[in-house]
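Structures follow.
Presented sequentially are two complexes of chain A, the first with chain B as partner and the second with chain C.
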Partner chain A sequence: MAVLPCGVHSANYSQDKAFIRTPVQWVCFIAFLLIVFAGPFFFPSRMLGIIIITGITIIAVVGLQITVGLTGQINLGQSAFMGMGAFTTATLAANFNLPFWLSIPAGGIGGALLGAIFGIPALRVKGFYLALTSLAAQILFPLLITRMPSKWFGGPNGLGLAPAKIGGFTLQSDQSLYYLIMGVTVIMLFFAFNLTRSRVGRALMAVRDNDIVAEIMGVNLFTYKTLAFAIGSLYAGIAGGLWAYYLRYVMAEQFNLWSSVWYLGMIIVGGVGSILGAILGTVFLRALQELITIAGPWFGQVFPQAGGEALWYSGMNIVLGGVIILFLIFEPKGLAHRWNVLKHSFRIWPYPYL
Partner chain B sequence: MKKEIQTANSSLAVDKVSLSFGKILVINNVSFQVYEGEILSIIGPNGAGKTSLLNCLSGFYQPDSGRITYKGQEITKIPIHRRASLGIGRTFQGLQLFPGMTVINNIMSGRHILMKTNFLQAFLHWPWVHREEIAHREVVEEIIDFLEMEAIRHELVGNLGYGLRKRVDLARALALEPKILIMDEPMAGMNMEEKEDMARFIIDIEEFKSIPIILVEHDMEVVMDISNRIMVLDWGNVIAEGKPEEIRTNPAVIKAYLGDADEEVNHY
Partner chain C sequence: MIDFLQYLLNGILIGLLYAIIALAFIVIYRAGRILNLAQGEVVVFGGFVVWTFIAGASFPLWIALPLSLIAVVVLGFMVEKGFFRPMIGQSIFANIMITVGLMVLMRGLMIVFWGASARPFPVIFSLKPIIFGPFSFTRSIFIGAIISLAVFIVMNWIFEKTRWGLGLSTVAENHVVAQSMGISVKRSIGIAWALGFIVSTLAAITFLSGQSINFLVSEIGLRALPVVLLGGLESIWGAPLAGILIGVGEALAAAYLDKYTMGAASEAFPFIIMLVILLIRPQGIFGWKIIERV
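For the complex of A and B:
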């Protein structure tokens, strides 16, 4: 627990459980939101695209954080649950002409249902074995989607959908989609932060730390382990729905094991068990990815003898994998912990410790 | 001065319970009653079946035969998590906390069954969710006062020392507002001061909250001092039951703990 800024203390329990405590924090928070939502006015469109994808990824990774970090149930199928959401949204939009404000939540529910089904074994199996169960979801998902009648999910060809419409306005440009996706991201983050300070969040954390004792305290393990998967994949499903409207084309191959593993990597880099960590980890790894994408060709030109562009692109995975390993060795608590340490030392400055 | 216990008010009754793991009989036909407002200690040498018996009460083990009734209701077969809402609180042998959570959250998690927020309400954090949190926080703060843990309420439990962790364990069990409290070795591994504190807390709980306590403990001094009644187990059998002063002089108990003089001779 980081110390509070000097002079700030709780006079009642409401203050003690609030996330934002001081006027300065409020100003920073609102300024941050304003900058994010003013983005389309000064970011170039390539940057907007990066932020949109990052926002979608943040939702999926925060969901994974709820399943893995908060409840301790390993999930290697987050990408499949995201795909389930994307396909549910796409098919509802393409075949039933549902508006986006119905089809995206429906995508969330679709993801949650699939997640809950694959979460049921969590009552009996733990750790490594549970990872394999969720891996099964990831492997089964493309088979399931491509083998269904092509009228439902488009079969192997995938499914295209019309742009989202609200009233007479079409959400087709990056700018308009930016507002939709950032808006949903902010709402989902608000939900996630609230969850961690509620009865349900505590029950989930209790299951993570000691499931036998949690049961003695009256936590129904079956309900809460399944709920952990359902909430986590609800987030994935919403992310998938947004993904469907952003790319307007969904294919089973977009939701592969590779992304699921990356999402886990983002949690590790950000800090297992912290919602803030999920955000930081996603932003950090996405930024690194983009940086390598930009720097790769440049390196290729400067050092042509090193093997040209192709090598630098394939080098990306080595760099990103290396970053995850470095975090596991040197900062297993992740960026969120670093951030807390930084805040702490800033607040007690000039003293080295309190 | 220990008060007289009304034997008419039975809280928990164990009737001819037996439990075996394979061929090993762990608990053999054990019957006992816990009366309202008493501290019943269960003692016995290592491997006597004390913890197994408690695990039958908590529901981790299903007895092979026999009945456990609690306030007139049979609870032998009901699921573990439903026993909490009946009012059966429990503390654990060793450290069984939620180390990744703060002290406040550990104790608040004890109030799980008394709160109502579901996950959709938790997402939105409606005003009444907030009010519920505050109301329960007030009760938790009373427990924190009672167990003198004000200074550590925001610490992660994983960072606390052993004695304090045992206190958090007790606080969490109390937060459930139990109608009966089962304590498995609350003083194991504590130093003298921590033991005295814990003994004081146990007596206070029994006195102020007037709930019966089942205590399993190896420290004989403590057991003799604070128990109203003692039951002695050996190899799964009840070998003695009675007031502390009766148990102290009971030859069967002395034999179980120290062995028989004649037997000793035969060994060599």
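For the complex of A and C:
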């Protein structure tokens, strides 16, 4: 925790617990929210689409951060859990005509159930073995979902769904979906930030730091390891539900191993164990993705032997792999740590140390 | 009945090919305690190196094969030194993620170096079918199975009988103990990676001979994971046994169950086995059970 600005001290517990401590922080926070929610009025539509996808990704990555960063349970299958949420939402909306404010939470629960099932082995195995469990989930997911009766999940063709409706208003344009998705993102982030300082969050961190010691301290390992997977994939499931309403078409191929790897990369870039890190990492890597998409055509003239779609794909892979490796070797604490250092040195300036 | 035996035979031969890729996992894990998720990419990379020497530079086979083995040994040492040496003593998560990063990076680099389209891999063993009574199978798979058995015998000898190999096993047991017995942990892990790259390249030669090669072939690495786990991550002889079990199971699932499941049964079978093993006996059939002390 970085030091507080000069002259801020707490007189009671509610002050001590508050996230936002100074008037300047309040101003910055409200200004940020205003900019985010006034976005559709001045962002061009392409930018709006990028922000929407980033918002959905942030939810999934924050969930992954809770499983991996906070609890230390390795999960290579976040994308499959997101897919489970998307398919649950889609089938409830398409086959049972559930409104979106019921089907998206139901998608979250669908994801959480699948995550909890694949989290059960975490009690017996850890490390590499646990990574393999979630990898198996990721590989089995598309195989199973496409072989279900096509009335359920659309079979190999995927499933389309009608736009979300509330009252007489249809959430079809990017603008209206932007408000829905940003609203859900803010709520999910609020819960995630508060989870880290709650009793449950502390128990999860105890499991991460040393699970045997945590058990001796009275943390029930089965409950909390399964809970870590359930919460993480609840986030994934809700992200999947939003994804289903944004694209209005879900296919098993959208939720592949590579997206799971991207999500893990976002955690590493942002900083393992920090919710803020998950946000920073997602924004950083999403920006990088967009940059590659723009720079791709120029790159194609320099290396002509790898053309077209493959070129874009290879550029993405090299950047993602390179970024993961470089951050692991040179800055394992990620961008969140850099940000805290920056804030710290700003506050104690002009003194070099405190 | 004849059909059933034919499926069984094909399953065994395919299983031995899975087993040689599994061996590459095991060789690296035995020393570094790193499960290299990039194994499939390493196999394909080795395959591309062989392709470059034979088809690209058109060297004769007896020059090309030693040259490519030397090239991959150098590559193995480089990968270890560049990516895995800084990770000694880091968390398991960091170690897993660096292999995942390597997997993604190698995919990208392979497309840049060799392009994305499939290329024919040179025919190293002839593709003529061997007909034995009522059974028939391609010669390359048969020779591949024999080569993998030979590789197993050699690797087993290295790990059980030579000074080097025993040192590697000590490093696998405990880095600190190995260091205090005078075994260089860093050098051992380097050797393990070089051995792993050699085995991967041999796997590529046997598996790809006469087939086509592109970066997507690296899926084979993930398909070999259940074999590694069933046999046990530390056991060299576990791999062929597990390979045969999974190969036969997959072949039978493909023959009898695939028509009811649109081809999913044979693809899902190894991974369902993997989940079952992880739940029942995580160390596999012959793996070491590590007892945790506080």
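Worth pointing out:
By definition in this document, the second predicted complex is superposed on the first by the 338 of 354 C-alpha atoms of A that agree within 3 Å, B and C clash if a C-alpha of one lies under 4 Å from a C-alpha of the other, contacts with A are read in each partner's own complex, and residues count from 1 in each chain.
Assume contacts are C-beta pairs under 8 Å (C-beta built on N, C-alpha and C of every residue); 3 or more make two chains touch, one makes a residue touch a chain.
Computed from a predicted structure; not experimentally measured.
After superposition onto chain A, the modelled positions of chain B and chain C are compatible, with room for both.
Applying the stated contact rule after C-alpha superposition, one finds that A:R124 touches chain C and leaves chain B untouched. Touch criterion not met for A:S233: it reaches neither chain B nor chain C. In the superposition on chain A, A:L144 contacts chain C only, with no contact to chain B. Of the two partner chains placed by superposition, only chain C is touched by A:I318; chain B is not. In the superposed three-chain arrangement, the CA centre of chain A forms the vertex of an angle with the CA centres of chain B and chain C, and that angle is 80 degrees when rounded to a multiple of 10. Once the two complexes are overlaid on the shared chain, A:Q78 sits clear of chain B and of chain C alike. Once the two complexes are overlaid on the shared chain, A:I212 sits against chain B and chain C alike. Judged by the number of chain A residues each one touches, C leads among chain B and chain C. Looking at the shared chain after the overlay, A:T91 reaches neither chain B nor chain C.
After overlaying the two complexes on the shared chain, residue contacts for A:Y13 are found with chain B alone; chain C is out of touch. Of the two partner chains placed by superposition, A:T67 touches none, neither chain B nor chain C. Fitting both structures onto chain A leaves chain B and chain C with a minimum C-alpha separation of 8 Å. Shared interface residues of chain A (contacting chain B in one complex, chain C in the other): 212-213. On the chain A side of its complex with chain C, the touching residues are 68, 72, 74, 76, 120-121, 124-129, 131-133, 135-136, 139-140, 143-144, 146-147, 156, 212-213, 258, 261, 264-265, 268, 272, 303, 305-306, 309-311, 313-322, 324-325, 328-329, 332. Across the complex, chain A is touched by residues 35, 37, 83, 86-87, 90, 92-94, 96-98, 100-109, 111-112, 115-117, 222, 225, 229, 233, 261-262, 264, 267-268, 271-272, 274-275, 278-279, 282, 292, 294 of chain C. The residues of chain A lying in touch with chain B in their complex are 1, 13-14, 16-17, 191, 194-195, 197-203, 205-206, 208-210, 212-221, 227, 231, 273. Within the complex formed with chain A, the chain B residues making contact are 58, 60, 79-85, 90, 92, 96-102, 105, 108-113, 115-119, 121-125, 129-130, 132-134, 137-138, 141, 154-156, 172, 176.
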